[in-house]
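The two complexes that follow have chain A in common; it is paired with chain B in the first and with chain C in the second.
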Partner chain A sequence: MKRFALTGICFLLLAALMAGSTYAASINTSTGWNMPPGVTDVSREVYSLHMTIFWICVAISVVVFGAMFWSLFAYRKSKGAKSAHFHENTTVEVIWTAIPLVILIVMAVPATATLKKMYDTSNAEIDILVTGYQWRWRYEYLGEDVSFFSNMSTPRDQIQGLEEKGDNYLVEVDEPMVVPLGKKVRILLTANDVIHAWWVPDLAVKKDAIPGFINESWFLVNEPGIYRGQCAELCGRDHGFMPIEVKAVPQEEYDAWLASRRDAAVAEAAGADREWTMDELMERGAGVYNTYCAACHQPEGQGLPPVFPALAGVGMSVDPEQRAEHIAMVAYGKTGTAMPAFGDTLSPAEVASVITYERNAWGNDTGDMVQPSEIRDLLGK
Partner chain B sequence: MTPETTQSVSQHSVSDVASGHDAHAHGHAPTGLMRWLLTTNHKEIGTLYMLFSLLMLFIGGTMALVIRAELFQPGLQYVQPEFFNQMTTMHGLIMVFGAIMPAFVGLANWMIPLQVGAPDMALPRLNNFSFWLLPVAFTTLLATLFMEGGGPNFGWTFYAPLSTTYAPPSTNFFILSIHLAGISSILGAINIIATILNLRTPGMRLMDMSLFVWTWLITAFLLIAVMPVLAGVVTMMLLDINFGTSFFDAAGGGDPVLFQHLFWFFGHPEVYIMILPAFGIVSLIVPAFARKRLFGYASMVYATASIAILSFVVWAHHMFTVGLPLTAELFFMYSTMLIAVPTGVKVFNWIATLFRGSISFETPMLFSLGFIVMFTIGGLSGVMLAIVPADFQYHDTYFVVAHFHYVLVPGALFAIMAAAYYWMPKWTGHYANETLGKWHFWLSVIGVNLTFFPMHFSGLAGMPRRIPDYALQFADFNMLSSIGGFLFGFSQLIFVWVVIKAVRGGVKAPAKAWEGAEGLEWAVPSPAPLHTFDTPPEFVPERDSPSRHSDH
Partner chain C sequence: MLDVIKSVLAAFFGVQSEANRQRDFQAASPWMFIVVGIALAAVFVLIVAGVAWLAAQ
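After this line comes the complex of A and B, so read on.
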């Protein structure tokens, strides 16, 4: 009896700890210890399915553990229990094979219905191509001429404990995916390098993004808000640092956002029409480098050899003869490695400035400049 | 053993084999280190396996504590992400292939010959080779941590292309070590099947065997079926990395999802390889301490076989989010749910065995009861994970981490501990210290629940697995898990102390160490002499077998 009491006390202690804990602002509609009900019809259906199965499991536990602990208590040898001699009973065995089967069918019926709904990607009004990169997401609004990277915006100092962590620590991005309210959004998922998984708990969407293949999923949000998620498939070093932010806004706001994205893209492209000074290139390049390059090549360019080569003091970034190779490496990437073709996704100004930065930062001091116009002409943009 | 001797071994042939081996062993037995290096004795090899797995348990456990230390609070404190990923990967590989599997093989080595009345394993020299492959495999694996670029960092499931195109250079050594461990498992399985089918004492039919022997027989077939698939998949990786093939590279016409299908076709039966022998152990210990015959012996055997067969048609439930067609998702959901039926039968049978028994609570029984409760918790969360729409929310979160640790730690590991306490008198001649054993049990129960129960909550609330840092909302649960992890980890040192004490002395055990225990192993003295059953023992059908029933 004392043993059971001890177990009981431990569980109560655990429960008390949980109840008394002080949660930071929840990053989704979760209470902090359960699945979030989410903000779509599908997510609420998934949540109620989860709760139904959960309570069935609780009921099973009560019956099974109840019978077990009662037997342990009632038939203690120390209380003089004498063992019986039965060792099989066909009727009982058939019953306890059949009952679980019935319970499972009861669970399977609603699960099948919900799954069919989740698989129906037809009649979507908006298509967004989601591409996983090591370690960021890229969103391309098909037919809208809008595409951009979405990078984690949590400062490195917060991660290293040098400054206080914000409310949305690790689940905030520089450019969220924006979607209009009340429209069925279909997402098409793929990846540039390794397998990633796009997961937003409040939308009940989790789907793998696989290089060379395209998956699809959908959601329809009716409540305005910011819904946060993370990559759910181990994708290398910074797997824990590629969050997702989906911002649901009214249609007018969405249209205005699309227009502003297009304007920004035009302005960015225009950057290639003028001469940049060294200071301009270095300043822009530092920002681009820290966003896109520092995770692998490290903030001080020391790299993580042998997989991620160093850029400071060695190799093509300090070799005056290899300026062209350096440009090609950044623009076209290196197949079979984590080095993507940034020429496809970044603007000429970004590519030119980051190459300039790499050739002059950390004591590389080659004095080489790469003008955005050179990159534009090279890539034919 | 030739095929002719397969069905029923005559008394003569067994004693010939036994005495032949005996003469060899006594004739020129090496001493010291060479004794252990060259031993062909099933008890010595069993001991080696178990000591090896204990060492691996502590190495893998240390890695788990590195993980839990880093996750104690948000932010990066002790290790960088690349090392963190190596720790999660190595922890999984070492616990699965280095701790749990060899522990069960060690128990099989010690106990199967004793339980079937055989003088040794059927293939003693192969047995020696199977064991000594393991230290080589794991030295190689651990050495990768010190190589340039670090060790494997792509998770114990090593999904391509992260483990091929994007892998560190040490991956070739990882592949070699998987091959060696795989060969060891296959050879061990062949040996176990040969022993069980050929060397049973005359009169012992298959349905007379102990549940531990039965579950191991089925497990051995699973090993032979799936370890070659694992060997195939790592060989394809080797070719992709070094020889320009594109099995898993879409750019060359391959398919990264093919990797997952192959891996989980191995991986799911592998899960049952790690739990079926545990079922067998618990099915021996519960009747022993309830002093009552196991309820439903035959249905236990059939349930084990059903679980084994079903394990081949559920693999894609690990891949519900890869984008399978709807019909495939439904098939794998239904087949996975079906596994709950035979698993339920087992749990019900154990409880029916307890019902109207005469129950006492020695340490082996405590670990077995802990197994039943916490394995069932893991089983129920397994049913939840089978429901595809809900799995989209659970998949690759800490909910999954909680689930598989419940079936592997208070599941498989507790059963191994139960077996160690149960058979300690047979191995050492002394009972394990009961007081220390109970401390070990209760601290383990508290530690394991404190570690893994909160993971259900953090996973449901949205924490992905395999991340070195997390959003602030998950901080409290992670702190609890870390405290529990350290408590559980250090509690295992008690076990080491228990083993050392039992080897050196303690309460002397009679041949039949437990009042309610049944089985041929209790017919030989405690500690079991190096050579037992030189002549096959007379077999009296046990109370656990239906033949006794039909004889009456």
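After this line comes the complex of A and C, so read on.
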């Protein structure tokens, strides 16, 4: 009678487990409980490997814990069970060493085959250099003369809880990486300051971006859509605010996008050819400041002393004598600190307008204007 | 010599019987085990490298 009860319990447990896992498998993509199957051939292979190994683990757990609970129950003290005392049993030891060895090899063979595919970056049709910055990504389409920063576009008010959070909270950017469908895209990863990691789960790409090194990875997207990811290596205070957005579009749309990026770059460079008014500089400068400077120096210029100095009311940004030092600081950065050389990465118009903004915002009243042409001549761009 | 190789392989695997352990500890010097152990470790590395090379083809 007791035997039947035990068998019944075991079957019930097993049935509950199976039902639960089937349920979990069917809804995992909508709940985010499981990793996504993704949208590339490699990502689907990774997903099926993950599920295979998951089921191997489930089977092992059922056998191991089943044996354990059965032993606990069937040989309990109240039934007068006596423990056996023996020191060794070579046969048993060989079996419990050999079985895991075989299981590991069975898992390693398909995993190695998939890894080989993931590492094969040959014959890519498009090369994109991805550079991690504190705290944004830069995408350079090699041989296409297209290069731009991709900044998080989630409004500050959503982060501070003043506004309802959007659907793509913290995983939306101003300029996504755009790639054509059906083309093998190779990405070359590096970083400008500290170690970052470029992670897009739907593409099954997660790779460190390390200063001074170039890591390679690749993906080929077959389904149009927007695929989102994040930096996956703790890289400083705004690590959680440098998302990744990859937009996969048909070839014609990709070509049109490339052309529009080139036109925008030409227009941006042409901005240095004319005189800007104070209002123009202040408006542009506010946008640049909030995107590139506010993370450290804070939206109201109050800074985060002692690490990130204040700009409002103190220092070179309010000193009429230090206009040149201020320009040099923004253009060339400060060695040994987190202050980067923005002259290398931003346009003359962006650098000039943000310096003008810093010298005239939040009660700073130097009245100084910095023209884009001045920055262009200084940097020799 | 064959016993030494078997014992070293058993050590690689992680399982050895008490009888063999008693026999091995009768040996006059440990040098045989050390030399055979290093040699077989080198062979193991070559096998792993060979498998990796084959997998990369």
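Just so it is clear, the second predicted complex is superposed on the first by the 345 of 381 C-alpha atoms of A that agree within 3 Å, B and C clash if a C-alpha of one lies under 4 Å from a C-alpha of the other, contacts with A are read in each partner's own complex, and residues count from 1 in each chain.
The definition used in the following text is that a residue touches a chain if its C-beta (ideal position, glycine included) is under 8 Å from a C-beta of that chain, and two chains touch if they have at least 3 such contacts.
Every value quoted in this text rests on a predicted model; they were computed, and no experiment measured them.
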Room on chain A for both chain B and chain C (clash or fit): fit
Dominant contact partner of chain A by residue count, chain C or chain B: B
Chain B versus chain C as contact partner of A:Pro299, first or second or both or neither: neither
Partner chain in contact with A:Met107 - chain B first, chain C second, else both or neither: first
Partner chain in contact with A:Ile53 - chain B first, chain C second, else both or neither: first
Which superposed partner A:Gly287 touches (first chain B, second chain C, both, neither): neither
Partner chain(s) touched by A:His87 [first = chain B, second = chain C, both, neither]: both
Which of chain B and chain C A:Thr97 touches, first, second, both or neither: both
A:Ile195 touches, of chain B and chain C: first, second, both or neither? first
Partner chain in contact with A:Lys116 - chain B first, chain C second, else both or neither: both
Touched partner set for A:Gly313, first chain B, second chain C, both or neither: neither
Superposition-derived minimum Cα distance between chain C and chain B (Å): 7
Touching both chain B and chain C, residues of chain A: 87-88, 93, 97, 112, 116
Of all residues in chain B, those that touch chain A in their complex: 74-77, 81-82, 85, 148-149, 153-155, 159, 161-162, 165-166, 168-169, 249-251, 255-257, 290-299, 321-323, 326, 329-330, 333-334, 337-338, 340-341, 344-345, 347-348, 351-352, 354-361, 369, 372-373, 376-377, 380-381, 383-384, 387-390, 392-393, 395-397, 442, 445-446, 449-450, 453-454, 457-458, 460-462, 464-473, 475-477, 480, 543, 549
Partner chain C, residues of chain A touching it in the complex: 87-88, 90, 93-94, 97, 112, 116
Chain B-facing residues of chain A, complex: 3, 6-7, 10-11, 14, 17-18, 21-28, 30-36, 45-46, 49-50, 53-54, 57, 60-61, 64-65, 67-68, 71-72, 75-78, 81-89, 92-93, 96-97, 100-101, 104, 107-108, 111-112, 114-116, 118-119, 134, 158-161, 165, 167-171, 193-195, 197, 199, 201, 204-208, 210-213, 215-216, 229-241, 304-307, 335-338
Touching residues (chain side chain C, partner chain A) in the complex: 13-18, 55-56
